[in-house]
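One structure, pasted below without further comment.
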Amino acid sequence: MPVKIVHDNYGKSRVRLMKVERHGDHHELQNINVKIALEGDFDSIHIDGDNAQCLPTDTMKNTVYALAAQTDKIEEIECFGLRLARHFLANNPQVSRVSINIIEHKYTRIPVGGEPHEHSFTKSGGEKRTTSVLATREGESVESGLEDLTVIKTTKSGFAGFMKDKYTFLPEVDDRIFCTSVKANWRYSNCESATEELWNSVRQTILETFATHDSLSVQHTLYAMGEAVLSKHADVSEIAFSLPNIHCLPVDVTRFGEEEKHAIFLPTEEPHGLIEARLSR
Amino acid sequence: MPVKIVHDNYGKSRVRLMKVERHGDHHELQNINVKIALEGDFDSIHIDGDNAQCLPTDTMKNTVYALAAQTDKIEEIECFGLRLARHFLANNPQVSRVSINIIEHKYTRIPVGGEPHEHSFTKSGGEKRTTSVLATREGESVESGLEDLTVIKTTKSGFAGFMKDKYTFLPEVDDRIFCTSVKANWRYSNCESATEELWNSVRQTILETFATHDSLSVQHTLYAMGEAVLSKHADVSEIAFSLPNIHCLPVDVTRFGEEEKHAIFLPTEEPHGLIEARLSR
Amino acid sequence: MPVKIVHDNYGKSRVRLMKVERHGDHHELQNINVKIALEGDFDSIHIDGDNAQCLPTDTMKNTVYALAAQTDKIEEIECFGLRLARHFLANNPQVSRVSINIIEHKYTRIPVGGEPHEHSFTKSGGEKRTTSVLATREGESVESGLEDLTVIKTTKSGFAGFMKDKYTFLPEVDDRIFCTSVKANWRYSNCESATEELWNSVRQTILETFATHDSLSVQHTLYAMGEAVLSKHADVSEIAFSLPNIHCLPVDVTRFGEEEKHAIFLPTEEPHGLIEARLSR
Amino acid sequence: MPVKIVHDNYGKSRVRLMKVERHGDHHELQNINVKIALEGDFDSIHIDGDNAQCLPTDTMKNTVYALAAQTDKIEEIECFGLRLARHFLANNPQVSRVSINIIEHKYTRIPVGGEPHEHSFTKSGGEKRTTSVLATREGESVESGLEDLTVIKTTKSGFAGFMKDKYTFLPEVDDRIFCTSVKANWRYSNCESATEELWNSVRQTILETFATHDSLSVQHTLYAMGEAVLSKHADVSEIAFSLPNIHCLPVDVTRFGEEEKHAIFLPTEEPHGLIEARLSR
């Protein structure tokens, strides 16, 4: 029977790399996780078992280490992703599209006697810096992002005036806890704009807007955060958010004979709301 | 600054439901996890904080339980997904597109004295049955699938004749271990075809092809599995696979003074190859 | 300041090993995860940074592969654990106590044309066979066990007549769903008794008792399972269980206008009850 | 057959609680996870299915919320754990021993315009503050601890002069990367000493010692950290560490034609060394 391949890709996931940049008086550290996927003319691999056009995924892994070793300095992940993507396109005529995803774990220097230590670090929690690079023979695109930035505000958040049907029992509230774990990705008008400085500024804009917004819904705050990022950063052309609503349910303590003081909550991730949007100029 | 919403959706994730169908002499059991996402005219929610067009995600969760309670019998997940999707479209003029994803955990009756027990079950491992339903006012589509079906073959798998560049050190082998965790999704020419019987037949076809194929690469076996499913099942119009290559690295036991017998391996998921393709007629 | 070491141990965790036993007409497969911990005279390592008495954990890992390679046949994990423990004691005078923990993932042959395939397997879910071996220069002990055996019964389970205080609101019920994930470990009067046959018999006794018991509490069924195992297996001298009560909460569907039929439940692991006991003759 | 209960306990796990302390100009936040286990005279529950001496685990969960609601202020977790333990002992004559384990997730105020925000927070990563309280009718003990404090140093760590046997191939190194995820628990001479201030001081002592120690092995640094904590804190009588050695393997980049600069590493948790010790005065 004639079966066609509608789409295919292959590559290597979870390639871990730690790079150290050694100066006389201090060290720099980068800990990343790389995912590579290639698209191209791979029909004969699938159909005939002919691997002549198949660059092994083990080679892709080695390429990560080799290209990382070519520079002494630690590069921003967007820049490293682009170098990887260009390498695979340049050396593989059978490849038409390269996708590189990198997750970077953030570190902070350990304070010793009030000063940041020169070669010792703590991992700054679960929060990650991410990039997604796509490259074809026609062009390139770069997105930067962050993941697992858990934030919470204990007031200035409500949810009321919503639609009701026969299955609606949710009470309207004008003061609830708002907890989410921010995932955001943004696109640049110009790839060169992807720097740590800009990343920090986008992150700080998201945090400040979350902190100070009078939230009428998760959507409302999502939009405010996106609008603030786009307003302040001319180089960012688009931003997408994925925000779980990590519900903090009020516990009715009056049944235990205690006075209700809006103080005791049960946080839960199962189930959770999930609010997603992509904003542009 | 004018900011536009390019795309948005919202809904409820991780809604868990266990349903029991009670007969005099035996019980049936279903354990599922539902994810709901709605698209539609939600601009005023984001921009103005006006929730008049916002059906709460708590209501979506309640709807799962209410609709499940409307039938005595346990439904196939594709059928339940369609009922949910149609409910949200029919009752929410502001909604243009509904996406329902359901994961079902499989159970087996406990054998007692050689007979399957009437109301006691074991969970059949990590393997899941899945469905993905999309519905708009123009039409519906249904995909069925499976996830986390871990399979392994200890011979009849090789990888040779591949491309080599300066970063290629992988040895060519004609007999390796092939381990993967199958994720597959297939589309029907006709939604009504989505039955457990067909699901079992697709699963068995995947398993038999994996077991008996002389594999020249993961891609080669992926294609063979897809071709077999499409050949045997006229109602399946398309099938997509995502196959991690869970590498089982040969351990060089000669350095420990032992004879090499092709018996000792180190399985690892970090890093892993990832091979994906979508096949159609 | 004089600081003493009250207790210490070190070793290697998560050593993965897959072993294949190749016969002309079929293969056998074993996939295990080994943890090694040594105790002994290690004060100088800690206090003086003198590693003369420190066998590297990398060597412990190599020892797992080396000893596995010494036999053609796949050994029961208890037997392999004992060989490892004895090796470390025999070759390391500085070591006084060796602890070996092994987790084995179970596999089933893929049925092809109704017959189990000779070299292709599926992983039988999350359930694991385990062993814990302790060896000193004075003696040895061996425990076998199982983990992640998820079971559920949809009737013949109640919970009533319990203590009540001012924080008790749980309704008494005579028919609830009972779901747990069995973790059990048992000790042998004689280490030689640790065979797969006995393991299968203990597992089947646990399953049958769970299925057929009229349960008045998790404790009640735990005791019944332990009593059944000890009654049927003279070689088992002691058995310990750890049973989470994976609550399946009845959903009140009457508020959605549906008739209550004891059919719709919400399973949850957060929070969960946890019931543990060790039984002996 | 006479079967005896050697040991048993039961309780509730994963009870989540978020507490907010609301002042006019700022809020305080606490997010904890509580585990309760009771021991006592529970034989009739197991053997006879008589629940008269069985306080439901649902009641234990409610007790967490009720006791938390009794104070306006947020308490240190050690103090809350003691209150819970004493409550269960005082109200349950059938109970002889109560064990309370609490995990606290740490939060940091979001900086807005350089100032910490009054009611908005970020989660400070995966690091946790923990406590373990044991209470019987004879006495009480309290331990405090921390978990998942990931630290790394890029120099001043070596491992050489170790024992060698025929399975030893690890090269001796005088400059390696040292990465671990600190788990520590310490005991007080006096329960009243368990304050956040002391916790912070113990944590900082662990971090500073890790940063500045010239490490000859994980054990060597473990001991130095314990010694420093015990030296500086008269109220701490004992401290235990569990330190995984998260290996960062040097990648041989010379095979890729690059110069070796001691810069490129592969971090891995599988397998890992595990070093544990308990130190006292």
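By written order: A, B, C and D. Residues from 1 in each chain.
Note that in this section a contact is a pair of C-beta atoms (placed from the backbone, for glycine too) under 8 Å apart; a residue touches a chain by one contact, two chains touch by 3 or more.
Everything numeric in this text was worked out from a predicted model, so none of it was measured.
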A-C against A-B, pair bridged by the larger set of C-beta contacts: A-B
Same-site or different-site touching of subunit B by its copy subunit D, using the half cut: same
Rounded Å distance between subunit B and subunit C, as computed from the means of their C-alpha atoms: 28
Centroid distance [mean C-alpha coordinates] between subunit C and subunit A, Å: 37
Computed distance of Cα centres, subunit B from subunit A, in Å: 24
In subunit D, residues with contacts to at least two other chains: 16, 62, 66, 167, 169, 256-257, 268, 270
Graph class of chain-chain contacts, one of line, ring, star, complete, other: complete
Interface residues, subunit B side, partner subunit C - complex: 16-22, 27, 29, 31, 62, 65-66, 68-70, 72, 107, 110-113, 117, 119-127, 149-156, 177, 204, 207-208, 210-212, 248, 251, 253, 256-259, 261-268
Touching residues (chain side subunit C, partner subunit A) in the complex: 166-167, 169, 255-257, 268, 270
Interface residues, subunit C side, partner subunit D - complex: 1-16, 35, 37, 42, 45-47, 49-59, 61-63, 66, 91-92, 159-165, 167-170, 215-220, 222-223, 226-227, 230-231, 238, 244-245, 269-281
